[in-house]
């Protein structure tokens, strides 16, 4: 029992039994994993990004492996927010873990509407994915344009009554700290960083991109040093808590993200390689904290020595 | 994910290998068409290759399952370095399987290259039930024709190679001109498409699809197959497949 | 002989016997390599970034390996432009290869002065590294600020009389194509991309950054998919030629960079792993072109099928 | 870069291994202190680990050179998977070497942990020349004390471990209190610094430095060592070292 306490953290008023969240897009809607791991043991689950209407996603191929990385362009395929709330969430709520609803839209109105529905539902937190283009504004991405990010964050925050709002930042910007600051100023309760990095791979036999969508997002260990640097930059410039992610494969990676300022972390691509990874990391973190006689993992947040 | 011991890892020829690994009693229940995923190296601190690789259960030998693999890239190259008694991580059984509760049927098995992999086990389950089985097996060259000793019980074997170095010269699909009640097909997408076109309309067709997979268990949505008549719902090759009704697959959506 | 022609390319009027350049910072001043490979066989050599005064660089540690990547913060240690021109260049000129002088400054004046000296020297091309901060302007980086990039490119271009100017772009920006366009409009004759990506790694035993400079630049196969995407974006928006680089390890990687629009490529981190890599790649490219009956490698530039 | 065959790769204990690899006649000319770099896996299509790893030539046996290594991270873990007859890529000889043309000298060899690696070869070259040699050898625990059979010809061996599980309990530097004409030191930086402080002022000191290396041949400027009296010029550990005059090294600049 005492042991377990070492991993407890509180994020925006929500208690987590441990700071390991399964990242959006890498654990389906959670239920897909129930035959493989005990979902009650993970700190939280961020479900596949939800939109107002169901979305079929991109054509195939959608994934390709690179050196220590994975490019994906799933195209945000999802069942739609209503189907999720009505047909998936009730089963998901049976597990004792924090449910985070990752969501997106093609216009501010869509973001707002999805957020309103989720806020009224049984989920615990909202995570806004701003990596998609604003169709109404000619395709300018919400996540790589400061003004758009402020607008969408302000608008969503205004409509939400009950649940904390996490804004998940895109790494495809020059200075991610200014985007974090803008999100904070526009009402975000928490930042998660990073999403995938725009990337590309070419099939030298066919001369075609290896992803039908031409470009995709790079995740996995390859991007970890970039993600750690970005979390560090964000931590120095905002006061709201940070969920760090990008290439975490083991407990040592988790510690790196804590030291540069994460309060909680997410595990993405690592779930594909072995769905036990999250649970193994939780065990290893416990051992580490015991070994070092650290009372609570939060003591490590931001404790980099520079 | 389980740790399995390698019983043997034998070279068939420069590009093809066969590996036997110890299996749990669950895994030994593998049905033909099921697949497993393997970590292709032993070093737990390195992440290249990153993802596990998928392989059909090719055969079952005592308490071990056998895979047959072709060296394609870094992952399968990594497999070739593994030796007897090495421990590797495996996951599975994964996916669905071929319909093998058949009696008194006229059956075609159509394989292209490494597409032969799942069929030794299938043939084991189908023979001695009064089934009539023709094996069609095509490759680029003679090195692509392997495992023939596993098909001694089938009724006829048709072999083609593109360069004529073994069997008839040409594409295997050119030689399909008998009628069957059911056909099992595994190989490159164009070859599978073409087989469907060549088979008689009354023949049921089960194809085993190879899509790139990140997770193998339905988490990533990377391995989508579209079926006709179910246009609004994507199927996952890893969970809903890899075996699909060949006549329903929307081949155009698989541009790889 | 006919064979050799397949690899000949012409960049800004300068003939290259093959399109493989050893990247700046990864081959010393070229001479360090002469005991290991035949320098006459590489297309070109981009020497370690030169500055007006000699520079001692950063404290140790300066490098750390990550998954399929290398972070470095050498700190642009170099002998200074005068020492290079007087004491190194004469020996380097004995080799039959294109000599590219990579250079940098802490102010526009420094850039201009170094460029002037190099333009008057025996080198073949200038490569301007804009990844350093403008000390005079309060440390705003030349490479991540459009205005600064335009100013420095304009100023340097004005002073150069004889040699083509390559501008080497920083990938630490939101939209690299706009930076490429700005460089082109300000007089750049050629773009090289990409430089390293800002990254960080923490020692979980000491809680200290693994690089004394705290952050460093990530290179190697980990960044290749990001670099390929950036070259693709640049190619679509400018008309001057592109030198592609970032994580090239083998001839297949070179082909990827050609297909998205490179006319020439550079090999960086791969030189550390094996100085023969560049020569091996040249051989493999020859075999590939013969096999595919491609008359000249330039035919592949931009030939991605989308 | 050469391809070398592994003659043996033996476990000494859980953390220490010794590996013998075939060497060219050039490499067999290795002097004590020289090092080589190794690719730590066989798969040429994977890039993790990315860089080669550095190892001192520990001994020469017939036509083979021997390294002694400690498992630290992914690279050295990868080495442990290699077996007899495997082919790996090696580079070197690299770096400079210890002064071993000594006769009639009072010599101290001071090793911390895996810092023992270069000394078997050094001792081979120094004994039988009327030299008097004391070996000081410290480790964290008894497992860190290896290769003792290689030092049968030295005059005295002092051993310490931090936990007292072998030799005296404590730090090896606490036991240096005789006078020497020359000392050879290899181990962690703090231990090397402290040795210098403990040795008599007239004693020459050669230290073997371990800096992280990307290239090993002077290309990257990643492995800088600063020497006093040469403040404007950085030395490269790989090219100008790894052996330096210990009294000249600016230890403060090496914060790793």
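Residue numbering begins at 1 within each chain, and the chains themselves are lettered A, B, C and D in the order written.
The rule is short, and it goes like this: a contact is a pair of C-beta atoms (placed from the backbone, for glycine too) under 8 Å apart; a residue touches a chain by one contact, two chains touch by 3 or more.
None of the values given here were measured: they were computed from a predicted structure.
Shared contacts of chain B and chain D, meaning chains that touch the two of them, come down to A, C. For this pair, chain A with chain B, the centres built from the Cα atoms lie 36 Å apart.
Look at where the CA atoms of chain B average out and do the same for chain C: the two points lie 45 Å apart. For chain B, residues touching at least two other chains, in rising order: 46-49.
Residue numbers of chain C whose C-beta contacts span two or more other chains: 67-69, 208, 220-222. Interchain contacts join each chain to each other chain, per the touch definition above. The touching residues of chain C, when paired with chain B in their complex, are 67-68, 221.
Residues 46-48 of chain B are the ones touching chain C in the complex. Taken together, the chain B residues at the contact with chain D in this complex read 41-49, 73-74, 77-78, 81, 83. Considering their complex, residues 1, 39, 47-52, 89, 91, 211-215, 217-224, 232, 234, 253-256 of chain B touch chain A.
On chain A, the positions that touch chain C within their shared complex are 66-69, 71, 144, 172-175, 197-202, 204, 206-209, 214-215, 218, 220-226, 228-229, 232, 247, 252, 255-256, 259-260, 303-306.
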